[in-house]
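Naming follows writing order (A, B and C), and every chain is counted from residue 1.
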Amino acid sequence: MKIDKLLTAGALSAGLMPLQAAAQDAQIWSYWGTGAEAAALEALVDVNNSENADTPIGTRTISGNSSEMRRAMQVSFLGGTPPAVYQSGFGMDLKSFLDAERIANIDSVIADVPGVAEMSSGIKRVVSFDGDMYAVPLNLHIISNVFYNTAIFDELGIEPPKTAEEFRAAAEKIDAAGYEVLGNAGGGSWTFYTAFPFLIEELGQDDLFAFTSGEIPFTDERVVTAFQEWTDTYVDNYMENWSGYSWADTAAQFAQGKVAMYQMGDWLSAYLADAGWTAGEQYDFFSAPGLDGAVVVQMDVLAKPSGLDEATSAVADAFLKTASGAEGQLAFNVKKGSVAANPESTDEGYSAYGELAYQQIQEATAADKVIPNPKFLFPTKLDEEIKNDTIAYAQDPSEEALMEMLEKLDAMRVELEDAGEFIKW
Amino acid sequence: MTTNSRGSLKREKTVTFAIFLALPLIFFLTAYVYAVGYTGWLSLHSWDGLSPHWDWVGMDNYQDLMGSSRFWHSLVNNLQWLVFYLICPTVLGLALAVLVDGKLKGEGIMKTLIFLPYIITPVAVAAVWRWIYMPADGLLTSALEGVGLGGLAQNWLGDAGIVNGALMFAALWSATGFAFLVFFSGLRSVPVETIEAARIDGASSWVIFWRVVLPQLWPSTVLVLGLFGIEAMRIFDLIWSMTNGGPARASEVLATQLYDVAFTTFQMGEASAIGIVQLLLAAALILPYIIYITSHVEEQSE
Amino acid sequence: MSVATSLSPARTLRYALAILVCALFAVPLLLALNTSFKAPDEIYRVFSLPDNPTLENYRIGLSQVGRSVLNSLMITIPAVALSVFIGSMAAYPLSMMRGRAGRVIYFVLLTGMFVPFQIVQIPTFYIARALGIYNTIPGLWLVHVAYGVPICTFFMRNFFATVPRSMYEAAQVDGCGTAGYFFKILMPASFSGIAALAIVQSRSVWNDLLFAMTLSNSDATMPVTAKLNGFVGAIQVQYGPLMASAVISVVPVLVAFLLFQKAFVRGLLGGSSK
């Protein structure tokens, strides 16, 4: 085989032989390439290939992240060989594919799948355009839970705080005892993530969507208050030198018992499981102050490119049905350490933390308080700006710096609003 | 030899040379000329990398850049890198070459140790140095605490005022080996007799170094400065894998900004405009160097 | 290296300084090596030696980057051989031609040296796509050869300039053609220059991240740099396997350097002394 390849290569470099794009079987492309993520995808594909034995699907890993995926998709469109299904982000990511007329409307494919109609409206909203769904919400990770070290809380006699005020009181005790209060990390949007609970408390769910649609200024009184509360409650209590840490470095600090609290996504539970920690024992969690039952979730979605040939399209439709159904979602999420987006999916086989998160999401779904990560609803350019500005601000917070940041962001909001870059979620 | 065969010899030579040059020139035209032209053309458009159409925007991308503080910040960072590269690893490399070039025992091992970092993948260099710079358990902070200087420990990669220095220190570790080895080879080409003669004339080691050795090292210096200058304008890997240009874009250079604009916010046109500016800047800085080399070389072969 | 000189105080000081510098240069390498043998729970104690040295990190590292190291070898070796050859092809006439044409061509080729590769990233991607070599190993050969033309020409042109012209004239008298001289005499005589350039090129091809990220996206073609970068950027960084993978990625270039070290130093001399 190696010889073959070398010969082909030799011929190629001599320019004698154009390379034929190999005809490929229908595939799902994802960047779930290693560990628990790869296992999760494999479990889902297994369910699909036994349910739809005559239209099986293959997998291909795109190493990297969403921007590599976008590049791979770009190439596939140019070559006229897009996959049957691909892993996408929700919100803006989907919208850009829709604007380029690259994804198919799958509303009629999955609308009838049991449970899809019962998905939380917030979730459906960010995969739908003009009332039709363009992607399958697959898995939910909660990013509004605050994890805490039970030993530290017990030692200091602290109860999980319910309000910002209680949080600040707890923070004071933790700080006095010589622990770092709240973990955070540089890079990424972690800093902005921690501001969501305050924005939700001030704005409420509907106006939060209006905010991400560019309809509420960054200088709106409620937005300003939210950022002020966030500064007093969280930013002032971030661990020392947080901007020099990566997500995993901070998780390690938490697992070493140096940091008391942590709110950068519940994938922490998988990290802690590796370190031998169990939810309810060494660590526990509470919903961030002010959320009142709402949860903010990060999710992956699956979309189908437009213009597929009939055979590939049939494979895609069958797979998307499986992936949106209760059984397929359970198989995937048990392995991934997340919670199924389909509320009819059970919690059979979830970890100790998974069961609790499942319960939380069930309740939030019933109350229609599942909020997708607002980060992905802003125009990408603004989102990038928010990401960097919040990091810069949180390193050296002051009332003045806050207003300066919000005014700068608002100027960009106005500019993008004029250019019609916002989506009215 | 008849005049006739002399003429055909000459023709044979010309034809052979043309054939030899053809393939490299084809590569060059495709990879450089066509590609740079393509980027220049794209820089006059707006494109998200996905849609089938490019939208003509003329010079808008360039105008946006000129008015963006982010761009100027990257540009200044690039210039800082240039100054850094031309001075720090060059001088350190020279100093180490002089230090080791004394027929010291274990010279081979020293040479390998100093050169080794240069051949290590920047991505791997970045991984190791991230680990060194980690705030709490990192090597540097732990070492400072170990010797009672914990107060000097910094948020190495997380502080906008320090991050560039920290990155440059890692780059120094990685780049010095190259300068070292070039100077080391250069020193070997300094004739021993010249040095001996100067010594007999009573010149001190210091004077010998400045007056005799250093001028002989000029060709090595040209090579090192040229390649480091190019490196400084191209620098990408180390910064991208260590900080992604952060915190909050503090360590961004043109190359990382280009990458971010192209593949995070998908503004291919604006990214191309950054690239063209980067090219012009590099041209302005490096063209004199190339002119020097080509003319210098011409003198030599006359 | 006589005993008498090695005992002088100045020499002792020099030794001490040299050893100190080398030790400092070695620290990051030792850190990587040390960490690569540690179990996860010891990782964050930087100074301690591994309690129970484990090869587990290398097992994980190999399973994750093993294939990509092979890819890197399959990319680097032919790409370097080809680019040195193509560079020599261009350098030979340019070192022989007198007059304007030669100088202009040389100048034009050298201008390629200041083109930052990031700016050709997007078109390179489309050219590769159009030629059907996107995400293939030969595609990466061609790209590295093409972008190596300026530096290889520069290097070999300088090296050839150190070869006495009389050799060419003698060969002509012996009836060796212009091409014959290149293949039979000049190239074999330039071994040290070729070795030096091969090391420089191996380093840049082996270490390339940009073209790797642009032009490969499957496990069958992705070289070790892109794979490592995927690790570093991954949401969960495991330092043990990462350090082991980094060590693995260094070994082939190190071996190449040690093998060709002598020729390398000699070749740099030839290349830089003109």
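Some notes on this structure:
Everything below uses one rule, namely that a residue touches a chain if its C-beta (ideal position, glycine included) is under 8 Å from a C-beta of that chain, and two chains touch if they have at least 3 such contacts.
Treat the numbers as computed from the prediction; the structure is a model and nothing was measured.
Chains that touch both chain A and chain B are the following: C. Interface comparison, A-C versus B-C: the pair with the greater number of contacting C-beta pairs is B-C. At the far end from chain C, in terms of centres built from Cα atoms, lies A.
Distance from the chain A centre to the chain C centre is 39 Å, each centre being the mean of its Cα atoms. Computed centre separation for the pair chain B/chain C is 14 angstrom, with centres defined by C-alpha atoms.
Residue positions 71, 246, 249, 252 of chain A are each in touch with at least two other chains. Those residues of chain B in touch with two or more other chains are numbered 130, 137. In chain C, the residues that touch at least two other chains are 44, 126, 233. Across the complex, chain B meets chain A through its residues 48-52, 130, 133-137, 155-160, 243-244, 246-249, 260, 263-267.
The part of chain A that touches chain C in the complex is made up of residues 5, 8-9, 12-13, 18-21, 34, 60-65, 68, 71-72, 75, 78-79, 246-249, 251-252, 256, 267, 271, 274-275.
Taken together, the chain A residues at the contact with chain B in this complex read 67, 70-71, 73-74, 77, 96-97, 99-102, 186-187, 240-246, 249, 252-253, 258, 380-381, 384, 388-389, 391-392, 395.
On chain C, the positions that touch chain A within their shared complex are 40-41, 44, 64, 78, 82, 125-126, 129, 131-138, 141-142, 213, 217-219, 222, 226-227, 230, 233-238. Note for the complex: chain B touches chain C at residues 9, 12-13, 16-17, 19-21, 23-25, 27-28, 30-32, 34-36, 38-39, 42, 96, 99-100, 102-105, 109-132, 137-139, 142, 146, 173, 181-182, 184-186, 188-189, 219-220, 222-223, 226, 230, 233-234, 236-237, 240-241, 254-255, 258-259, 262, 268, 271-272, 275-276, 278-279, 282-283, 285-287, 290-291, 293-294, 297-298, 300-302.
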